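Here chain A shows up in two complexes: once beside chain B, once beside chain C.
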Partner chain A sequence: MAKEGLSEIWVYLSASPLTGLTITLLAYSFSHRIYQASHNNPLLHPVLISATLLISFLLITDTSYQDYFKGSQYIHFILGPATVALAIPMYQQISKIKQLWLPITVTMISGVSVAAISSILISRVLGASIETQMSLAPKSVTAPVAMGISEKIGGLPSLTAALVVITGILGAILGTKILHALKLKDHSIKGIAMGITAHGIGTARAFQVSSEMGAFSGLAMALATFTTAFILPYLVRWLN
Partner chain B sequence: MLNGFIILLIFFLIGEFIANLFAWPIPGSVMGMLVLFIFLIARSGIPKSIKHSSETLLPYLPLFIVPASVGIVGHLYLLQQDGLIIVLAMIASLVVGIPLCGWLMQKILAWQAK
Partner chain C sequence: MLFINGLSVLLLYQLMGEVTVRWLGLPVPGPVLAMIMLFISLVIKGSTPSALQSSANTILSHLSLLFIPAGVGIMVHFERLQNEWLPISIAVLLSTVITLVFSATVMLLMNKMFNLSKKPTEDMPLNKSLDQLQKELIEKESDHG
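What follows is the complex of A and B.
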């Protein structure tokens, strides 16, 4: 009798918004601690760890994503105003933008187009589904924006969110190695290459190399966000 | 904190309005970011309230994308089907993109210095 009572309570609680909200915050707080303890190792990025934990939880307890999202949507909603707030760190780089606008604009437009076209065409040639191709296209920009773009061009925002994080991790690990192999000395140039291709996770890695590389990576990441949002929908229309 | 958050929401609304008005395929939040950026340039400074809100919100940006990334649980079949292709495409795109960006920056800066 008591056992049946418990399972009824579980059925009620697992569909309640309180559960989704609490487990998301718990998983993130735990993952963030691991990340910090590892001295920000990109392989242990908190989004990767917390998403893995939460997906395992949903699969093990047989909870539907819809039920989970009833609670976690309150966290998801803040993504909008937080994206708007990205204008502030970008404005803080205004003197560098004024100084370097020409090389940055040309590099930005080429870098963003090549990152998107190469991932669409490679995945297309290898036989990926159209959803996968469209979810891959905005992978090099910061997650909130990439998800918005993905939705507009026919990708799956949730797949894009995961791919953005994985690209960032790959970029943080491979990026410094590729830049080293290229024998680039200038930290501002290295930072820009990192920010265009590996957004925030690449920027965090760049800050570990030098503050100059980090600042330029942050600048490039912010500008690439706009460039991708404005170019990609048209680029995709042209490619399809 | 509250005032700054309200201002961010208002810029978000303006961004949604513009994106829908012109039926642009650009997310309203990105448009809001652009309008706020132009506003900051016009004002040539960051109001204290917005600065405070952004400094409170932005460190948690990774947390805000967690609920959406968990949504991949509904598309696990896509990962099984296209997982390897996705990883290959991502690596190839980095191996082409990073050198291209570095090379272009270097060339244009050298050309400007002349």
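What follows is the complex of A and C.
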């Protein structure tokens, strides 16, 4: 009897949104603590650790992603208002935007195009499918927007989300080393390059180098976000 | 209440964004258009209302959390990753390096072309020396420690 009771409870839990929501929050607060204890080591990024933990849990308990998403969709939904909220930090950089608008605009449009074209063409030459190419195209933009773009151009939003996180981590690790090797001294230039390439994760790394690099990286991230949203659909049409 | 009011404003803009995108058939995601609409509103208004500031701070301070449900979705694509791991990993690696070097170079050239490198260097010494001072202080402290 007791066994039957347990399995009944499990049937309830695996179908209820409560489980997905709870394990997501638990995984995040645990991995956030690890991340902070490591002094924000990008290799221990909370999304990376949480996703690994949750995927292991779902595979072990034989739970489908659809069942998990029943609960976690409430967290996923907040990506929408979070994207809208990015207008506020961007508005706080308004004086810098006014001062450097021309070089920033040119760098944005060309940098964002290079990010998308290079990932599409490299993966295409190496034989990736069209869905994979499209999922890779917005990988340098912050995840909520990248997923929206990916869906619009025929990619797979969840694959894009994972690729965005990997790109951010890679940019944060390699970025400061490469920019140092280029012998760049101006922190505003380094920040812009970091923000275009590695969005929020790169910006967090830039703030560790200097506050100036961080501010410019945040600005570049916000501007690249909507430059990509506007350019990419046309770029993709032209490339295909 | 501040947080609720701010959240309502964010959702209201998102709603306007989604409706406009569908109505005009724009290729941009609804929330991105909403972000631009809100940015323009803030420029016109000239300041950020405290309610909006409070809810934006709360949402953006744990932005990583919001990516997790989508990130876990990669488990649906394990087969694709097995088949296409080589093009994916090479494209991500190369494209990241290319984008970084390219953007830094263009920004450097643009600054030189418009002779803007003078402006930042006039304004920046203070910032830089402050940063350096801070670093030196930290180094000294750690030497003593």
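A few remarks follow.
Please note the rule applied: the second predicted complex is superposed on the first by the 240 of 240 C-alpha atoms of A that agree within 3 Å, B and C clash if a C-alpha of one lies under 4 Å from a C-alpha of the other, contacts with A are read in each partner's own complex, and residues count from 1 in each chain.
Following the convention adopted for this analysis, a residue touches a chain if its C-beta (ideal position, glycine included) is under 8 Å from a C-beta of that chain, and two chains touch if they have at least 3 such contacts.
Here the structure is a predicted model, which is why all the values come from computation and not from measurement.
Superimposing the complexes on chain A yields a three-chain arrangement in which chain B and chain C clash.
Applying the stated contact rule after C-alpha superposition, one finds that A:210 touches chain C and leaves chain B untouched. In the superposed model, A:99 makes contact with chain C only, not with chain B.
Shared contact residues on chain A (touching chain B in one structure, chain C in the other): 20, 24-25, 27-28, 32, 45-47, 50-51, 54-55, 58-59, 65, 68-69, 72-73, 75-76, 78-92, 94, 102-104, 106-107, 110-111, 114-115, 118-119, 122-123, 126-129, 131-132, 136, 139-140, 142-145, 147-149, 151-152, 156-159, 161-167, 170-171, 174-175, 178-179, 182, 184, 186, 189-190, 192-194, 196-198, 200, 225-226, 229-230, 233. Note for the complex: chain C touches chain A at residues 7, 10-11, 13-14, 17, 27-32, 34-36, 38-39, 42-43, 48, 52-53, 55-56, 59-60, 62-77, 80, 84, 86-88, 90-108, 110-111, 113-114, 116-117, 119-120, 124, 127-128, 131. Residues of chain A touching chain C in their complex: 20, 24-25, 27-28, 32, 45-47, 50-51, 54-55, 58-59, 65, 68-69, 72-73, 75-76, 78-92, 94, 99-100, 102-104, 106-107, 110-111, 114-115, 118-119, 122-123, 126-129, 131-132, 136, 139-140, 142-145, 147-149, 151-152, 156-159, 161-167, 170-171, 174-175, 178-179, 182, 184, 186-190, 192-194, 196-198, 200, 210-212, 225-226, 229-230, 233-234. Taken in their complex, chain B has these residues touching chain A: 5, 8-9, 11-12, 15, 25-30, 32-34, 36-37, 40-41, 46, 50-51, 53-54, 57-58, 60-75, 78-79, 81-82, 85-106, 108-109, 112. Note for the complex: chain A touches chain B at residues 20, 24-25, 27-28, 32, 45-47, 50-51, 54-55, 58-59, 65, 68-69, 72-73, 75-76, 78-92, 94, 102-104, 106-107, 110-111, 114-115, 118-119, 122-123, 126-129, 131-132, 136, 139-140, 142-145, 147-149, 151-153, 156-159, 161-167, 170-171, 174-175, 178-179, 182, 184, 186, 189-190, 192-194, 196-198, 200, 225-226, 229-230, 233.
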